[in-house]
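Across the two complexes that follow, chain A remains constant while its partner is chain B and subsequently chain C.
Take a look at the complex of A and B:
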C-alpha cells in the first residue's frame, strides 16, 4: 500500500499541470462549498465538459478533490450564518451558529477545519487499505432492506433531537416525510400531490427546502429582532480551539469517523445521513445532552468529522463496484465514461495508476483543508462585521440563485421562501427544523428502498428480518422510538414543567 | 379544558386541515401498481395516519402541560423557545419583512432576475433598518454588481429573464452586454 501511495503522490506532484488541477480543485471546492446553494455540485457540473480534455486520472482526481474540500466548505457558512453550504453541513449549524452568536465563531470554525481534516484523512487511509474487501462485503450484505433500516434508524434518532416536546419532534419528521412524497411515486412514477402545478411533478428539491428552513428562516428571525429592537450583532470571536480543548472530544471524533465511514459506503446515503447520525450519536452518548443546540462544540465536531469521513467511504462502492453513492460520485462515473473507462473491479487491474493518484489526491486534499482552511476562515470571519441590513440582501440573493440554478425553476425560489416563512413560524412554535429537513432528504430514499426491499422478499417479513444488519438497525430504531414513547408518557405525567 | 388555550386549537386545526387535504388528494393517484402491492398511496397514507396519531398525542400533552417544555429534551436552540408578542404596527412591519422576499420570488417569472433584483436589495436594506438613501443606493449597486460579475460574467449561470415587456427587453439587453464582454476574450 505504501509503495502505491508513494507512486501516486509522485505522479500527482511530478507534473506541474496536475498540481495546478489539484490546487484548483482544493480552492474551488472550498469556495463553492461555502456559497449557499451553489454547492460543489454546481462547480462539478460546470467542469464536467472540460474534463474530456484532461487525462482520465486528472479528471477523476479533480472531482475527488472537489468532493473532499466542498464537503468541508459548507461548514463555514453553516457556522457563521446558519446557512449550510450543502445538506451534509446542516447539523453543523445546530451548534455552530449558536456558538457564533455567543462570540465563539473562531472555536467552531477551528474545530470544523481540524475535524473535517481528521475525518477525511482517516477515511482516505481506510479507503486505501480496504477498498476491495469492504466493497465485496458491502455488495454481499447491504441491500435495499438495510438502507431502509438505516433510514428508519436515522429518522428515529432525528425525532428524538430538537422540538420542545417529543410530539413536536415526531410531527416535524412526519411533515418532512410528507413533503418528500410530493412529485412522483418511486416505483410506478405516478404523479402525487401536484395540486395542478406541472413543475411539482419533479418533486420538492431539498436544496431550496434546506435554504428556506435554515437560511431564510434565520434571516426572518433576525428581521423580527430588528423590527422589535432586540437585534444584537454577534460578537466576532477569532480565537481558535486549542489542541488540549479538542483532545477532550477524541471519543466523539472516533465515533463520528466510524459512523461516517459506515454511512458513506451505503449507496445513496452518503455524507448527509452521516452528519445527522454523527450528531445524533454525539447527543445520545453525551453526559450534557441539554447543551446541544445551544453551542456545544461537540455538536460541530461530530457532524463535521462524520460528513468528511463519508467522502472516502463513498469512493469505495464507486471504484470497486461502479456504484455511485450520490450526485458527485455519479458525475465521476461520467468522467470515467468520457474516457472509455468503466469504474468497477477491473479498474484496479487496468488502471492502477489512476486509482492511486486519486487516493493520494484525496489524502492531500484533506490535509490541505487544515492549512488553507485556517487562512480562508480568518478572512471569511470578517464578514460578520458587515452590518446586517447589508448582509441580509446578499444572503437572500445567494440563496435565491442557489435554489434557482439547480433545476432552473422559479418555483424552487418560491418554495424556498415559503419554507422560510414556515420555518420561522414552526421555530416559534417549538418544532424541529432539522427533523423536517431530514424527513425531506430521507423520505424518498426510505420509500424507494422499502418498496424494493419488500419486492425482494416477496412481502415476507420473516425473510426481511432474517437479514442480520437489517434487523439490527431496525431493532436500534425501535429501541430509540420505544425510549421516545416512554419519554412522551413521562412528559405528560411530569409534575413541575420547565418554563 | 385543562391547560389548552386558543393557540393549541389553532395548531391542531392546522394539522387536521393538512391531514384532510392530503388524505383527500391521495384519492387522485390511488391507482394500483402491478409490481408493487402497496401502490402509490400506501406510503403517504401511512405517514398521514401516524401524523394524525401524533397530533392527538401533542394535544393530550398540551391538555396536561400547556406550553411547558418537556423535561429531558435535547438539541433545542435558545431562540426556539423565545416568543415575541407585538403591537399592530410592529406586526405589520414583521409581515412586510416576511412578505417582500416572497413577492420577489413571485415576481421573478414575469419581471425576471435582472430587473427585480435591484429593487429587492434596496427594499430589504430599508426594511432591515437602513435609512440613509446614499447608503441604500451604494449597497444596492455594489451587491448587484458583485452578483452579476459572479453569476452572469464568470459562471454564465442561466437566471430568470422574465416574460413581460419591458423587463424581458432589459434582461435581453443585459445578456447581450455579457455576450459582447465575453467576445472581447480578455482571458
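Take a look at the complex of A and C:
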C-alpha cells in the first residue's frame, strides 16, 4: 500500500499541470461549497464537459478532490450564517450557528476545519487499505432493512435536539416525517399530498426546505429583534479552539469517523445520512443532551467529522463495484465513461495508476483543508461585520438562487419562503427546527428502505427481525425511545403540583 | 378483447422490429442545413426530466455534444427530475413554444399518457425530433449463483420458493418493468416479489450483494457488470436473439407469447413551434445521431445491438403502437385508465 501511495503521490506532484488541477479542485470545491446558492455539484456539473480533454486520472482526481473539499466548504456558511452549503452540512448549523451568535464562531469554524480534515484523512486511509473487501462486506450485509433500522436508530434521539420540551421535539420530528411523505410513494409511485400540483410529484426538495427552515427563519427572527430594538450584532469571535479543547472530544471524533464511514460505504446513501447520524450519536451518548442545538461544540465536531469521513467511504463502492454513493460520485461515473473506462472491479486491474493518483489526491485534499481552510475562514468571518440590513437581503437573495438552481422550479423558492415563515412561527413556540429537518431527510430515506425491506421479507416481521444487524439497531432505537418517553413523563411528574 | 390485445401487440412488434442491427448508415444525407431566419441565434435549452447521472442524463449529454459539434449551437441542459418524468414534462409544456426549448424523454411519457389521457401525448402534443435509443430488457443473475444457472432452473427455483423469491427493478405502478413482469409471471405461472429501487446503484448492489435473487434491467445500464463477469443474462425479452447475446434465450423461446415492451429515449419539440424551426431541429438532432461521438456513446451502451434510430415518423409510429399496448395491459391489471 505504502509503495502504491508513494507512486500515486509522485504521479500527482510530478506534473505541473496535474498539480494545477489539484489546486484548482481544492480551492474550487471549498469556494463552491462555501458560497450560498451554489454547491460542489454546481461546479462539478460545469466542469463535466471539460474533463473529456483531460487525462482520465486527472479528470477523476479533480472530481474526487472537489468532493472532499466541497463537503467541508458548506460548513462555513452553516456556522456563520445558518445557511448549510449542502444537506450534509445541515447538522453543523444546529450548533454552529448558535455558537456564532454567542461570539464563538472561530471555535466552531476551527473545529469544523480540523475535524473535516481528520474525518476525511481517516476515511482516505481506510479506503486505501481495504477498498475491495469493505465494499463486498457492505453490499452483502447491509440491505434496505438495515438502512431503515439505522434511520430509526438515528431518529430515536431526534426529539432531544432543539425543542423546548421533549414533546415539542417529537412533534417537530413528526412534522418533518409528514412533510417527507409529500410526493410519489417510493414503491408504487402513487402520488400523495400534491394537491394537483405536478411539481409536487417529486416531493419537497431538501435544499429549499433546509434554506427556509434555517436561513430564512433566522432572518425573520433577527428582523423582529431589529424592529423591536432587541437586535445585537453577533460578536466576531476569531479565536480558534486549542488542541487541548479538541482533545476532550476525541471519543466523539472517533465515533463520528466510524458512523460516517459506515454510512458512506452504503451505495446510494452518502454523506447526508452520515452527518445526521454522526450528530444523532453525539446527542445519544452525551450527558448533557439539552445543550445540543444551543451551541454545543460537540455537535459541530460530530457532524463535520462524519460527513467528511463519508467521502472516502463513498469512493469504496464506486471504485470497487461501480456503485455511486451520491450525486457527485454518480457524476464521477460519467467522467470514467467519457474516457471509455468503467468504475468497478476491473479498474483496479486495468488502471491501477489512476486509482492511486485518486487515492493520493484525496489524502492531500483533506490535508489541505487544514491549511487553506484556516486562511479562507479568517477572510470569510469578516462578513459577520456587515450590518444586518445589508447582510439579510444578500442572504435572502443567495438562498432564493440556491433554492431555484437545483431544479429550476419557482415552486422550490415558494417552498423555501413557506418553510421560513413556518420555521419562524414554530421557533417562537419552542418547536425544534433541527427536529423538523431531521424528520424530512431521514424520513425520505427511511420510508423508501422500509418499503423495500418489507417487500424483501414478504411483509413477515419475523424474517425482518431475523437479520441480526437490523434487529440490533431496531432494539437499540426502541430502548432509546423508551428511555426518552420515561424521562419526559418523569419531567411532567416533577412539574405537577402534587409532586 | 383478448384478440384486440394480441393485434395491438403484433402491430407494436412490427414497429419495434422495423430494422435490425446492420452496419451503421446515416439516414440523413444533408451534411448541413441553413438556419431558417437565423434560428437559432442563441443557445437552446434541453429540459431533461431525470438526473444528470442516469440513462436519460447521459443520452441528453451525448446528444447535446453531438448537435453542438455539428451546428455550433450550444445546448444548456436543464435537469428537472422527479415524479417519474412528470415534473420535467410539466415544465416543458409551460415553456414558450418557440423552438428554443427541446425535451428529452423516455417511454414513460407514453405509458403516463396511456394511463391518464390528460397527460401529454408525445406523438401529438409534441413533435419527436429523433428517437436515439431503443433497447430491450433482460433478466440477470449473479454469475457465481449456484441455486440456478439458467432461465429454466431459475423458474423452477422461484416456483419452489412459493412467492418468496425476489427481483429488483423499477416497479412503479404501470411502469414498463412491472407490466413486463406481469407478462412473465402470467406466462410461467411463477410468483416473484418485485422490489422497487428507483436508483441504479442500490438496485445493482442488491443483486451483487445477494439481497435479491435476480435483476430486471436493460443491458446498456449493466454493461460494466457484464464486462466484469459479475452478472449474466438468463433471459432476453425480445423477439430475436441479438448477436452479442446469442447464447441467451428469448422469452418466446422459453414459451412466453407476448410482444416485448421496449425502452426508448428521444428528443421532442412542442407541437406549436414554428414549422421551419422544427424542420431545422429535426435535421440537427437526426444528423446529430450520426455524429461519431454519439455513435460511440450508443455503442458503449449496447444501443447498437438493435436499431436504435427512429426519425419523426418512426418515432410517432413507435409511440402510437406503444400507447394502446400499455392501455390494454393497464385495463387487464385493473388500473384506473382515464
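Criterion: the second predicted complex is superposed on the first by the 489 of 499 C-alpha atoms of A that agree within 3 Å, B and C clash if a C-alpha of one lies under 4 Å from a C-alpha of the other, contacts with A are read in each partner's own complex, and residues count from 1 in each chain.
Here, a contact is a pair of C-beta atoms (placed from the backbone, for glycine too) under 8 Å apart; a residue touches a chain by one contact, two chains touch by 3 or more.
As the structure is a prediction and not an experimental result, all values here were calculated from the model.
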First (chain B), second (chain C), both or neither touched by A:139: second
First (chain B), second (chain C), both or neither touched by A:389: first
Chain A: partner with more touched residues, chain B or chain C: B
Partner chain in contact with A:201 - chain B first, chain C second, else both or neither: second
Which superposed partner A:343 touches (first chain B, second chain C, both, neither): second
Touching partner for A:171 - first (chain B), second (chain C), both, neither: first
Partner chain(s) touched by A:429 [first = chain B, second = chain C, both, neither]: first
Chain B versus chain C as contact partner of A:190, first or second or both or neither: both
Touching partner for A:248 - first (chain B), second (chain C), both, neither: neither
Those residues of chain A which chain B touches in one complex and chain C touches in the other: 187-188, 190-191, 408, 451, 455
Residue ranges of chain A touching chain B (in the complex, touch as defined): 42, 46, 94, 98, 160-171, 174-175, 177-178, 181, 185, 187-188, 190-193, 195, 216, 220-221, 223-224, 226-228, 230, 283, 289-290, 292-294, 387-390, 392-394, 396-398, 400-401, 404-405, 408, 410, 413-414, 416-418, 420-421, 424, 427-430, 432, 434, 447, 450-451, 454-455, 459, 487-488, 490-494, 497-499
Chain B residues touching chain A - in the complex, by the definition given at the top: 11, 15, 18, 22, 25-26, 29, 31, 33, 35-40, 43-44, 47-48, 50-51, 54-55, 57-58, 60-61, 64-66, 68-84, 86, 90, 93-94, 97-98, 101-102, 104-106, 108-109, 113, 117, 120-121, 124-125, 127-130, 139, 143, 146-147, 151, 155, 157-160
Complex contacts: residues of chain C adjacent to chain A: 51-54, 57-58, 61, 65, 78-84, 86-87, 89-91, 163-164, 166, 171-175, 193-199, 201-202, 204-206, 208-212, 223-225, 227-228, 230, 300
Contact set on chain A toward chain C in their complex: 45, 48-49, 136, 138-144, 183-184, 186-191, 198-199, 201-203, 267-268, 317, 321-325, 327, 330-331, 333-334, 337, 340, 342-346, 407-409, 448, 451-452, 455-456, 458
